[in-house]
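Notes follow once the structure below has been shown.
Order of writing sets the labels: A, B, C, D, E and F. Residues in every chain begin at 1.
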Amino acid sequence: MDSLLSLAAQNLISPIILSFVLGLAAALARSDLTIPEAAAKALSIYLLFSIGFKGGVSVAAHGLDARLLLSLAAGVLLSFVLPFLAFGLLRTMTRLSPIDAAAVAGHYGSISIVTFVAASSVLQGRGVASEGYMVAVAAAMEAPAILSALWLAARFGSHNGPAADSHAGGPDGGLMREILFNGSIVLLVGAFLIGLTTGEQGLADIEDLIVAPFKGLLCLFLLDMGLVAGRGLRASRGVLSAGLVGFGLLMPLCGALFGLGAGLVLGLSSGGIVLMMTLAASASYIAVPAAMRVALPEANPSVYLTLSLGITFPFNLTLGIPIYIALATAAGG
Amino acid sequence: MQTHKAKRVEIIIEAPMERRLTEALVAAGVTGFTVLPVLGGNGRSGLWSREGQVSRAGGMVAVICILREDRLEALLQAAFPLVERHIGVVSVTDCQVLRAERF
Amino acid sequence: MQTHKAKRVEIIIEAPMERRLTEALVAAGVTGFTVLPVLGGNGRSGLWSREGQVSRAGGMVAVICILREDRLEALLQAAFPLVERHIGVVSVTDCQVLRAERF
Amino acid sequence: MQTHKAKRVEIIIEAPMERRLTEALVAAGVTGFTVLPVLGGNGRSGLWSREGQVSRAGGMVAVICILREDRLEALLQAAFPLVERHIGVVSVTDCQVLRAERF
Amino acid sequence: MDSLLSLAAQNLISPIILSFVLGLAAALARSDLTIPEAAAKALSIYLLFSIGFKGGVSVAAHGLDARLLLSLAAGVLLSFVLPFLAFGLLRTMTRLSPIDAAAVAGHYGSISIVTFVAASSVLQGRGVASEGYMVAVAAAMEAPAILSALWLAARFGSHNGPAADSHAGGPDGGLMREILFNGSIVLLVGAFLIGLTTGEQGLADIEDLIVAPFKGLLCLFLLDMGLVAGRGLRASRGVLSAGLVGFGLLMPLCGALFGLGAGLVLGLSSGGIVLMMTLAASASYIAVPAAMRVALPEANPSVYLTLSLGITFPFNLTLGIPIYIALATAAGG
Amino acid sequence: MDSLLSLAAQNLISPIILSFVLGLAAALARSDLTIPEAAAKALSIYLLFSIGFKGGVSVAAHGLDARLLLSLAAGVLLSFVLPFLAFGLLRTMTRLSPIDAAAVAGHYGSISIVTFVAASSVLQGRGVASEGYMVAVAAAMEAPAILSALWLAARFGSHNGPAADSHAGGPDGGLMREILFNGSIVLLVGAFLIGLTTGEQGLADIEDLIVAPFKGLLCLFLLDMGLVAGRGLRASRGVLSAGLVGFGLLMPLCGALFGLGAGLVLGLSSGGIVLMMTLAASASYIAVPAAMRVALPEANPSVYLTLSLGITFPFNLTLGIPIYIALATAAGG
């Protein structure tokens, strides 16, 4: 417990977290500070390319592993299953309509790559190794949850819901392609493969870009995330009931426990378990919202964006990651 | 200078729907349109701005389409199913164009 | 397809005034509008372009507002004090909209 | 509120021609206009989008010009030679403006 | 005198100054070279974050200082007072209307952070230390001058001027909040506090981003400043009378003398005095113009932007900074 | 031959090429991955500034050379002459109209700076030195080809072609100025002069920006080029006949032979010859298309953009550069 506290405190006093807090505070104080949209997108491309590449290089160095395929399968399974848990919790804890609950549930089965990056960064700062292929697991977990959400909406939603959608281009081939060839998945997997192919030599070529300034650029990205989260919280004050906030804090812990279980069963390293927990605990705010706008337009976007970005993301960033590290250590991971 | 009657249609729609809308337009024989970026806006679902978005999810675009009067109905038929269930605003204005053969 | 008469108001105004304008619109009951970016322009105060600006100071935006005819006067009353003393252009066009109940 | 009749001209033209167009407008005495960015579009020369361009070459802009009715002919005369040989769409709409003395 | 010349020459042959000159020349030759607006904004966010952070780390290392508070107070005072001097000079030397003169005066009480960064960079290149908290002084000097300008406009302007403004949302709470929570102040102060909190450890985390490429990115930013200044000069050829140009060269020197006085009284280090002079000598072209568009829309923006960006900024960058260093050295600072 | 193959293979398995391939594949798979336009422009500004600067520093270090002027003259001559060769080939191999053929020909006389950068990068990776002033040669080769193209169009095009243009502002003073003060020429030459003036000292100041992350940023730029080339190929499937594709592969080889001849006559170093070949072999896709839209609006842009960016650029990047290195070595360069 003691070490958990000191771990959390140490985590909180890092430029990365404080940059997020600065953005959050600026937005809540209604400052006009903004990161241009193009710069924020460029930063996210940098982060995806960089972690994908480094993951690939690490797999190239340590060799392919039977556990890689099992971990991918476990990630896909978690992504499929967690929305059902989330849906159940939401229907119990909140008054969300089935459609809204299904949409939110989809976000919690999928993942937040920035939370993953932040956790990797903390692990690295503490010298804890982890499996390079966890990046591929992250990519594999992005999409399956969307299908679970659509199924939940079709099963429990009203009749003119997702059904009506299909004639407007709903969960059709177009949407599946969009989800699978989503920019962030393609970039993450592509950079992973480039890293895998070019290995240490490739890394030496470009490490002055993808290693050295990484933490600093992550700070700037989190500054922007703080601004966006803060503006979202301000804009949707009315939206968040106590039940929703409770869900936004409870669900990541539940997800993390599933991640812990998976990690232990797979026999991942201690760092790998932490990353699996983080993936399971984190909620999407890029790929899934876009898919939901297309496939479940009746669902209220401010509910899922605010929950995922305004509650769960800051929770994971500040308290969640230290908790997952403590739990993984306690579980003898 | 000789001008000809036409219609100017402006559709403001969520960015993730842009491709579906333009495909529907093309399928309905409306092959000329222009897409403008949108910075932000306000409506029943509240205030938003592009720089306040993590992703394109909540962003919007404006699709402008100039066409002959007799094609308007086809356009509206094509666009309606998309804007009906999604956030979107459609307005139609009378206008005059040069070079009627283009439309 | 059934359309309904409405007005399309386009207000081109300096970027630092955007927030004040949209707040005045909301206060006057005009809750639907869309903000478009502007790249540059020319007027009595000369040529400017966004990439030639150090800051937003000289930039402009276009606010588009589609509303029922009977609300137009309220909008113009709300916008006028702001565009009067600041750089700004207001134009109003007749248009047709789908789904009148939205406006 | 007192409004006055005017014309709203919208010219969608290739970005490399923007400077030539606006110079021609100024030379024809049309000194007020606003340039909006364009994200993409479709036409006889096919689909394009700004993010799919290496250079400005294929990009377009929209030039909006609000002016008194009696100046419209001069504008169209000035713009026509440019839009004629280049890719471009010109539309003219009736509108109402505040503060007629500005136009 | 000799050393002043060689100092100036050495200053002029640096990539930083030459990048500015390149931008200026390109704009005057009507090249279509442009830096995208989003990239320029991203660069300025980088610069603000970086210097704020480094200032904070330096204060964390050297300990808080009684002089910090006194320097802040001196900065605020200078920012309040200099507009009055500027207004007097403008009314004497030029034919500007009282409203225009008040608006210009506000710019000269406030500061240009890039001029400050350039001066820091020259000092650092020469191995001259300075107080880390001068960054906080810079932030404190941004806003007060705006109030002086509004007061001058209300006192000496025509009757339907600023008075009429208040009913349109003039120098009201909204404007005060906008000025105080202005993006650049928030970012500078926020990064300063992050640097102060995380100290050397935080710096080690992100110095590959905020220290190593700093000078190079400053070059690119100054390239853009040159482009903007050149376009501004071209667009407003008619605007600049000899009197105005004279003011744009004289006022920074006057401001610098006030800064010198303040620095000597405060007992700042030699580098600190140079920075205080630079702050007093520099004129705003970001925060103040935006505030003036809202509060004094009758004032002609091309006058104040051209003066501040087209005359005073290049003057400070090329000749001003060497002069201030020579003066500070001569004053035994 | 053997070494050519291993050279090509080695070239192909670099992060730079693989990033291009990733972009190409993503676009062909219709992924929504995009690099924001502002970020792509910012990257190209970085690349131009960086290679211009480093070229200037290298000339400053090795001293000015009589060969510099001769190389510039040779470059200008090649740029004037190659469009005639290209026009002849196009009229023989394809059914392009004279106007379209003239427009395409202009692209092949001019150069692609990214191909040049990629070749420099391969040379540097193999430790082969080259003349720093080749950057200036690159700048000198951008524009002359445009004049040849316009002349070809006027001579062989229909009567209402370029003639009609002149009254709409055609190959007039405005256009000439635009071509000569084109942003990329100005930036390349300007940065070259800054590097020449500030020399090694200037480089030391900013090398953490313009040297260290260069290869990594080149990867990101090539990712974008791959995306754009892929989208272009997809959009213009109908446009590319077998003859056109053949031209897009043959013409760079012909150009490279001219470059080889020029390099041998000039007595350039082995690296310099490779760069001269690369310049002659590469085709413009920035400066020339923009000029053609203004001066030859009847020419079909999808023909020249697709050829230059979709065929010749990838060919040069993957196979061309290793071939040119092998040829230059074989020629005893």
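One rule holds in what follows: contacts are C-beta pairs under 8 Å (C-beta built on N, C-alpha and C of every residue); 3 or more make two chains touch, one makes a residue touch a chain.
Protein names from UniProt, one per chain: A, E, F = Conserved domain protein; B, C, D = Nitrogen regulatory protein P-II.
Treat the numbers as computed from the prediction; the structure is a model and nothing was measured.
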Counting one step per pair of touching chains, how far is chain E (Conserved domain protein) from chain D at the shortest? 2
Shared touching chains for chain A (Conserved domain protein) and chain B? none
Please report how far chain C has to rotate so that its Cα atoms sit on those of chain D, a copy of the same sequence, as a value between 0 and 180° in steps of 5. 120
Relative to chain D, which chain has the most distant C-alpha mean position? A
On a CA-centroid basis, which chain has its centre farthest from chain F (Conserved domain protein)'s? C
Same residues or different residues where chain A (Conserved domain protein) meets chain E (Conserved domain protein)? The copies count as same if more than half of the interface numbers are shared. different
Between chain A (Conserved domain protein) and chain D, tell me the centre distance in angstrom, where each centre is the average of that chain's C-alpha atoms. 44
Just the number, please: Cα centre separation of chain B and chain D in whole Å. 18
Could you work out how far the Cα centre of chain E (Conserved domain protein) sits from that of chain F (Conserved domain protein), in whole Å? 41
Can you list the residues of chain E (Conserved domain protein) that touch 2 or more other chains? 34-39, 42, 212-213
Which residue numbers or ranges of chain C touch two or more of the other chains? 36-37, 47, 49, 93-94
Interchain contacts, given as pairs of chains that touch: A-B, A-E, A-F, B-C, B-D, C-D, C-E, D-F, E-F
Contact set on chain F (Conserved domain protein) toward chain E (Conserved domain protein) in their complex: 36-39, 41-42, 45-46, 49, 53, 177-178, 181-184, 186-187, 190-191, 193-194, 197-198, 202, 205-210, 212-213
Flag every residue of chain D that touches chain C in the complex, lowest number first. 1, 3, 6, 8, 22, 26, 31-37, 61, 64, 66, 93-99, 102
Would you pull the chain E (Conserved domain protein) residues touching chain C in the complex into a rising list? 34-37, 40, 164-165, 167-169, 174, 225, 227-228, 231-232, 235-236, 285-287, 289-294, 297-298, 300-302, 305, 309
Using the touch definition up top, name the residues of chain F (Conserved domain protein) that touch chain A (Conserved domain protein) in the complex. 13-16, 18-19, 22, 25-26, 29-39, 42, 125, 212-213, 215-217, 219-220, 223
Could you list, by residue number, the parts of chain C that touch chain E (Conserved domain protein) in their complex? 14, 16-17, 20, 45-58, 81-82, 85-87
